[in-house]
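In the two complexes below, subunit A is the common chain; its partner is subunit B in one and subunit C in the other.
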Partner chain A sequence: MANSHASTTNPCKMCRPLGACLAFSGVENSMVLLHGSQGCSTYMRRYISGHYNEPVDIASSSLSEQGAIYGGEANLKQGIRNVVAKYSPSVLCVATTCLTETIGDNVKMIIDDLLEEEPGLRDVKIIPVSTPSYSGSHTDGFYDSCVAILDRFARGGEDNGAVNLFPGFLSPADIRYLREVMDDCQVESMILPDCSGTLDAGIGDTFYRIPRGGTRFEDIERAGSSSCSIEFNLAGDANQSSARLLDDRFGVRGYRLPLPIGIRNSDLLFNTLSEVTAGPTPQKYQDERSRLLDAMVDAHKYLFGQRAVIYGDAEFVIAMTSFLVDAGIFPVVCASGGGNARYVAEIETITGSLDTPPAILREADFDDIYDHTLAAGADLLIGNSKGNHIARRINVPLVRVGYPIHDRIGAQRILHTGYRGAMNLLDILTNTIIARKQDDLGYGYSYM
Partner chain B sequence: MSDQKPEAADLGGLKDRIVEAYPEKVGKNRAKHILVKDGNGGNKIDANAKTIPGIITTRGCAFAGCKGVVLGPIKDVVNLVHGPVGCSYYSWLTRRNFAKADDNGKNFLQYCVTTDMQEGDIVFGGEKRLMQALREVKEALDPEAIVISATCPVGLIGDDISTVAKEAEAELGIKVFSANCEGYKGVSQSVGHHIACNALMENVVGTEEPEDATPFDINIFGEYNIGGDLWNIRPLLERIGYRILSTYTGDASIHDIAKAPRAKLNVLMCHRSINYATQMFWEKYALPWLKVNYIGVAETARSLREMAEFFDDQTLTENTEKVIAAEMERITPALERYQERLDGKRIMLFVGGSRSHHFQHLSEELGMNVVMAGYEFAHRDDYEGRQVLADMKETAISRVVPDLHYERESGCEPPADLEQKKDELGGHLLDYEGMIAHMKKGALIVDDLNHFETEAIIRELQPDVFCSGIKDKYVVEKMGVPSRQLHSYDYSGPYTGFDGALIFAKDIDMAVSTPTIKYMKPPWRKKESGSDA
Partner chain C sequence: MTEITEKNHCIDVISGREGHILQKTGGGETTAMACDADSVAGAVSQRACVFCGARVVIYPIADALHLIHGPIGCSTYTWDIRGSLSSGPELHRFSFSTDLQEQDIIFGGEPKLYRALCELIDKHQPQGAFVYSTCIVGVIGDDLKAVCARVEREKGIRVIPVQSEGFKGNKNAGYKAACQALFELIGSRGEGTVPLSINILGDFNLAGEIWIIREYLEKMGIRVVANISGDSRVAHVARAHTAALNVVQCSGSMMHLARMMKKEYGIPFIRVSYFGSEDMAASLRDIAAFFGDEGVNRKTGQLIKHELDRLLPQLEFYREKLAGKKAAVYVGGAFKAISLIKAFRDIGMQVVVVGSQTGKEQDYEDIKDEADPGTVIIDDANPLELAQLMKNQGVDIFVGGVKERPVAYKLGISFCDHNHERKLPLEGFVGMLNFAKEVYGSIASPVWQWVPRANLADGVERHG
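Up next is the complex of A and B:
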């Protein structure tokens, strides 16, 4: 059910341009310039930095009243010139904000005009993305950005045997894992976006103003001649599907899968890879799966029947719900600040076998989530840091996964995906339940 | 290897190198914002100027200054943000303002409430949604007041939020007021502080009378209780004999702010964000302000003594000395240990609008050398002192928000010996000398420091620690230089008062002494002569 209030109390979503910033952070040597007032880029830098514990540079066209009244053309042009001069990005995303969407700046035209004035700037791939903050949420900005960059630069050609992987919004640890999977399956792959290096960088001898890593631009250009695309995006609209775009335009076969969180969804991924490569799942992952099963058997004594509330991005909630169901945990509330009818349908299917289906909330805020949590009764909250308020009020533990996590460190290293990610989540959830049981006991008996 | 680090004399060269790295026009502009103390050309600096687009500034917007900084910490009101979801979300508790509910149990700091404007609102107007949202907030949360803050689209589509506020106030029976702090106004969050001060002055201040009065009623202005800063100060002041009528706005109740004019003295921490309000209090209520600084041991003592001097009361003066003596005795052994450990360390300070000055005293007290300081969004008076106010030209940008002026309320008279007190109080009564006056010859001062300059300055100055905010701290750390956040204190603090000085010292010690630093150079790399590890 969707929120029927005029007000939103404690939102469970962020605004659309943030998604563009997140997506482009996974493209090699790229930057984002937000066309609007500078508070947008400052706030979003803060919110991305705080989660990943990494520097995040987002430029702004810094519009003032004059720009708001007469249009932001001069500021945008100057902003692009300056950011190119000081940072030399190869790719520059120009994302709009509520300000410039409301005044109706034609960003594409302004960029074309600038390129006429300064042909030297043509070496930089400048990509406009429309991200009006008053429509949709950060996940829309994310998917739109991936589609925008492919729409503009992907080219077709003879099948080169490669696989495109569109993972959606996952942690750097997840992307690193997926890269390992693709390599182990001996698949030449392009992962877009790939934040594994850019948003989880080490400290080395040299400081790079734009962090190393990210999807290579040449690979993006070649995406139209790959053999197939795998996209973790079940509920997104068709026009937000990167795989669909490449299929429609270049005939690249697309597989739309759920995020590979939990055993069932990971099986889907490995089956697909097996089909694509016409080879067996590597022994390493067969072993991982068997260890996961072993872990699930160990854990079920503590987990089975626990009542969990899960919230976050729609795609993430769908996948986490299936993981929980497989682990014997009862999802009692599944909520997203976004979500659509397909999101609801997917969760209904996943939870169809349960005696009591969960409350499925879309366009929900934490006020709604709180009400439903109280009504359902919960042992556990699973989601980002913003559920902390509810966790404290009703005194149940919160397991932090997803985005944003700003009250713990290590969010960039949380592995959610694959058999290995499932083991990781399983251990965290199980130990959280056990720790709570021990803390509540009062007489300190700790041998299991 | 501090002996190999550049001396002050190199700083002029550093400035030239930074300026030359820019396109000519940008370089010319930035040159006016970079100053070497007592170098050629005097100690004049350009500030509060337009941000250069595309430069990766650390500045925020009017909304951030208004709702985020000034209005956000008021605990018993609901801040209803009229706009798309992001602005409200990104300003949700991010500044670590702490508050405890008063007896009524009302503390809404944990709440983020927004109209989450949708496309239809942009096209057809959002006033109806706003009105309905106000009703819902009253019904669900029952706050003492509701303040509406505007984000960018509100001004553009012409939603009349002050009329909606008036209608809602009549209908709901609680105070409802608004702030037109659309993000595009002005050049930084600074203008938002001004908008918030005006909104409080016009709608709240003076609307309630305190139940009683004491001779030593004061207000603490420009203290936002970040990391509990106020809670270190309040007990000290209460031990001496002051009663804090209101804060402005850390841990504040809207009712206390309403009663604030009946205090005898406003003490002012953050000059930049709140001097508009202290000036209006002076005009309207003849209530003078004293510039204090509770960061640093000597500065805290200095501030307490000057407050006592202002009141000129024997008991208060004696209590002040007793408190200072007791506190000094308690903290001196620990302080001395830190002074030994931090002696000669080189520190850089880049914070918002007043802290880069406040933390210089404490840094120096700990034996450190402040090699560079700057402000994100300060004005020239924060750098050069209030005497420059007269020749600061009004620009289009500074006219975005009107200075409100008030007739003096009848019955409000300044203390008879005000002029004498001004002389005695070292330029801190109704005056502020600015940061530059404090700095050493040859120190570097940079206004609106950006990412590129941060990097260049760190490379050349190689500080031992860089104190700034979350947007630059990871850059600094990736460059192998330890950092401390002086906006939200990296989950530490409070840094005010005598105890706060020790916490700051411990945190800096942690930054410069962490054993991790020695692993920066991997074992497989040959040791290079002359370079700092």
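Up next is the complex of A and C:
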């Protein structure tokens, strides 16, 4: 069910331009310039930096009142010149905001005009992305950005045997894992976006203005000649599907899968890779899978029947719900600040075997989630930091996964995906439940 | 007196920002600092916007409804963002939004605003409401005032519009919009002047700091009419005109209100700072001096002596450990920067970089007077400039907010959180001790022996 009030209380989503910032942070040597007023970039930097504990530089065209009245052309041009001069990005995303969308700046035309004036800037790939903050949410901005960059730069050609992987919005640890999987399957792969280095950088002898890592531009250009694309995007609209774009334009075969969270969805990924490579799943991952089964059996008595509330991005909630159902946890509320009919249908299918189906909320805020949580009764919450105030109010533990996590460290290292990620989540969930039981029993038992 | 080095830009700066950075050399003529201007396009300014300025100043009023009229981001990113504590209601920790959609942009957001206000007031029964305007509302031209006036009539509580369209200036303009809104509320309750009373302006009760200050005031025999706005209530603000004196800390945000109250109600004001033992003691003395009451003076003297007698021996340990270390300070308000220069001296350290997001010309003059020769002073900085300054000036610790923290860490430099997310009170005499512990806790950590002081990549490096 969707939110029916005029007001939103404690939002369960972020705005569209933030998604563009997140997506482009996984492209090599790229920067984002938000065309709007100064606050947008500062808020988003704060929101990304706080989750990853990394420096996040997002520029702004810093529109003033004059810009809002007469158009932001001068500011945008100056902004682009300054970013290029100081950061020398190879790729520069110009994302709009509610302000510049409403005053009707033609960003593409302004950029063309600037390139005309200053041909030297043509070395930089400047990509406009339309991200009006009053429409959709950060996930739309994320998917749109991936599509925009491919739309502009992917080229076709003879099948080079590579696989495109469009993972959606996952943690750096997830992306690193997926890279390992692709390498172990001996697949030449292009992962877009790849934030594993940029948003989880080490400390070294040199400080770079733009963190190293990210999807290489040459690989993005080659995406149209890959053998196939695998995309973790089950519920998204067709025009937000990177795989669909490459299929339509270059005939690159696309597989749309759920996020590989939990055993069932991980099987889907490895089976797809088996099909693509015409080879078996590497022994390493068969071993991982068998250890995951062992872990699931070890944990099952602690988990069965535990009532969980899960919230976050639509795609994430679909996959987590599937994982929980297979582990024996009962999802009682599945909620997203976004979500569409397909998201609802997917969760209905996943939870169809349960005696009591969960409340499935889309376009929800945390007020809705709170009301449904109270009505359903819950043993734990699973989602980002934003649910903390509900967890405190009803005194149930919150297992922090997804984005944003700004009241704990290590969010960039949370592994959600694959058999290994499932084991990680399973241990965290089970120990959370055991710890709560141990605390509640008062006498603090020593053995399980 | 200060003289400017031959080249103002002791570092590589974005064109147009040269005047916003200078180095004090000691002796010679003075050059004015460029400041209080719009940020340069393409610079990664650390500043937020007009809306942000207004929101952080007003939202600590805990029993008011704070409704953001705009798209969802403005609400999400400011939800409970400033750790302003309340001793009672906590309605301020909710984030309410009209979450404007495309159709609202086309047909106008007034009907949605009206419905949102009514349903939220019915549900939460607040003592008053503030409605914040955002960029988009300024463009589509919703009549915020009319909607607020209508709901005020219908619901019987004050409903006050905050004209904080994001693009209408910098954060300072947001402070002004906040003061304007607060001023609307002041004067509606109570008459006359409460003897020996003050309003605390410009303290937001981060980590419970205002409670520390109020305890001092109580011991001095001073009454507080209203906190503006930490741990505040609508009714307290409404009677703020009955105080004898306005005591202004965060001068950047609150001077405008103090001036308006002086003009309208004849209430004088003084500027204070509760950071560092020197400024804390001076502030209490200044408050006492205003009243010229013998009892207050005596009690104030006793209080300060008691606190310093306890604090100074405790600081000795940190002073020994930290002597000679260098600090960079980049904070929102200039008043805090000045106090921090002194506070660092208290623990034997030297501030070698100091800057603010919103300082004005006079603030920078004050900073120049207070800073040691060699100190680089910077207005509206960005991460590239801060990184260069940290390196060039040989900084051991950086004091700032969460966005700057990872920059310092990557450079192998320790960090002290002095922004609104802090969990440890840094005001008052006890706050000075906490501050010393904070600084020591980062500088003294053994992790730095493993971490190189990273060099900056030369100018604009290319990848791969």
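In the analysis below, the second predicted complex is superposed on the first by the 448 of 448 C-alpha atoms of A that agree within 3 Å, B and C clash if a C-alpha of one lies under 4 Å from a C-alpha of the other, contacts with A are read in each partner's own complex, and residues count from 1 in each chain.
Assume a contact is a pair of C-beta atoms (placed from the backbone, for glycine too) under 8 Å apart; a residue touches a chain by one contact, two chains touch by 3 or more.
Keep in mind it's a predicted model, so treat the numbers as computed, not measured.
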(request) Judging by the criteria at the top, classify the pair subunit B and subunit C on subunit A as clash or fit. (result) clash
(message) Looking at A:L63, would you say it contacts subunit B, subunit C, both, or neither? Reply first, second, both or neither.
(response) both
(request) Applying the touch criterion given at the start, work out whether A:S135 contacts subunit B, subunit C, both or neither, answering first, second, both or neither. (result) both
(message) Going by the contact rule set out at the top, does A:N431 touch subunit B (first), subunit C (second), both, or neither?
(response) neither
(request) Mind working out whether A:N160 is in touch with subunit B, subunit C, both or neither, as first, second, both or neither? (result) neither
(request) Quick one: classify A:S88 as touching subunit B (first), subunit C (second), both or neither. (result) second
(request) Pick one for A:E28: touches subunit B only (first), subunit C only (second), both, or neither. (result) second
(message) Contacts for A:R212 in the overlay, against subunit B (first) and subunit C (second): which applies, first, second, both or neither?
(response) second
(message) Which partner chains sit in contact with A:G39 here, subunit B, subunit C, both or neither? Use first/second/both/neither.
(response) both
(request) For subunit A, give the residues common to its interface with subunit B and its interface with subunit C. (result) 5-11, 13-15, 17-18, 33, 36-40, 42-47, 49-50, 53-65, 67-68, 75-76, 78-83, 85-86, 97-99, 102-103, 132-135, 137, 201, 203, 205, 207, 209, 386, 389
(message) Give the list of subunit A residues in touch with subunit C in this complex.
(response) 5-11, 13-15, 17-18, 28-29, 33, 36-47, 49-50, 53-65, 67-68, 75-76, 78-83, 85-88, 90, 97-99, 102-103, 132-135, 137, 201, 203-210, 212, 216, 386, 389
(message) Looking at the complex, which residues from subunit B come into contact with subunit A?
(response) 22-23, 26, 50-64, 80, 83-92, 94, 110-119, 121-122, 129-130, 132-133, 136-137, 140, 151-153, 155-157, 182-189, 396-397, 400, 451-452, 455, 470-472, 474-475, 477-480, 520, 525
(message) If we count contacts the way the header does, which residues on subunit A are in touch with subunit B in the complex?
(response) 5-11, 13-15, 17-18, 33, 36-40, 42-47, 49-50, 53-68, 75-76, 78-83, 85-86, 97-99, 102-103, 132-135, 137, 201, 203, 205, 207, 209, 367, 386, 389
(request) Over in the complex, which subunit C residues touch subunit A? Could you list them? (result) 14-15, 38-52, 67, 70-80, 93-102, 104-105, 112, 115-117, 119-120, 134-136, 138-140, 166-170, 383-384, 387, 402-403, 405-407, 409-412, 451-452, 454-457, 459-464
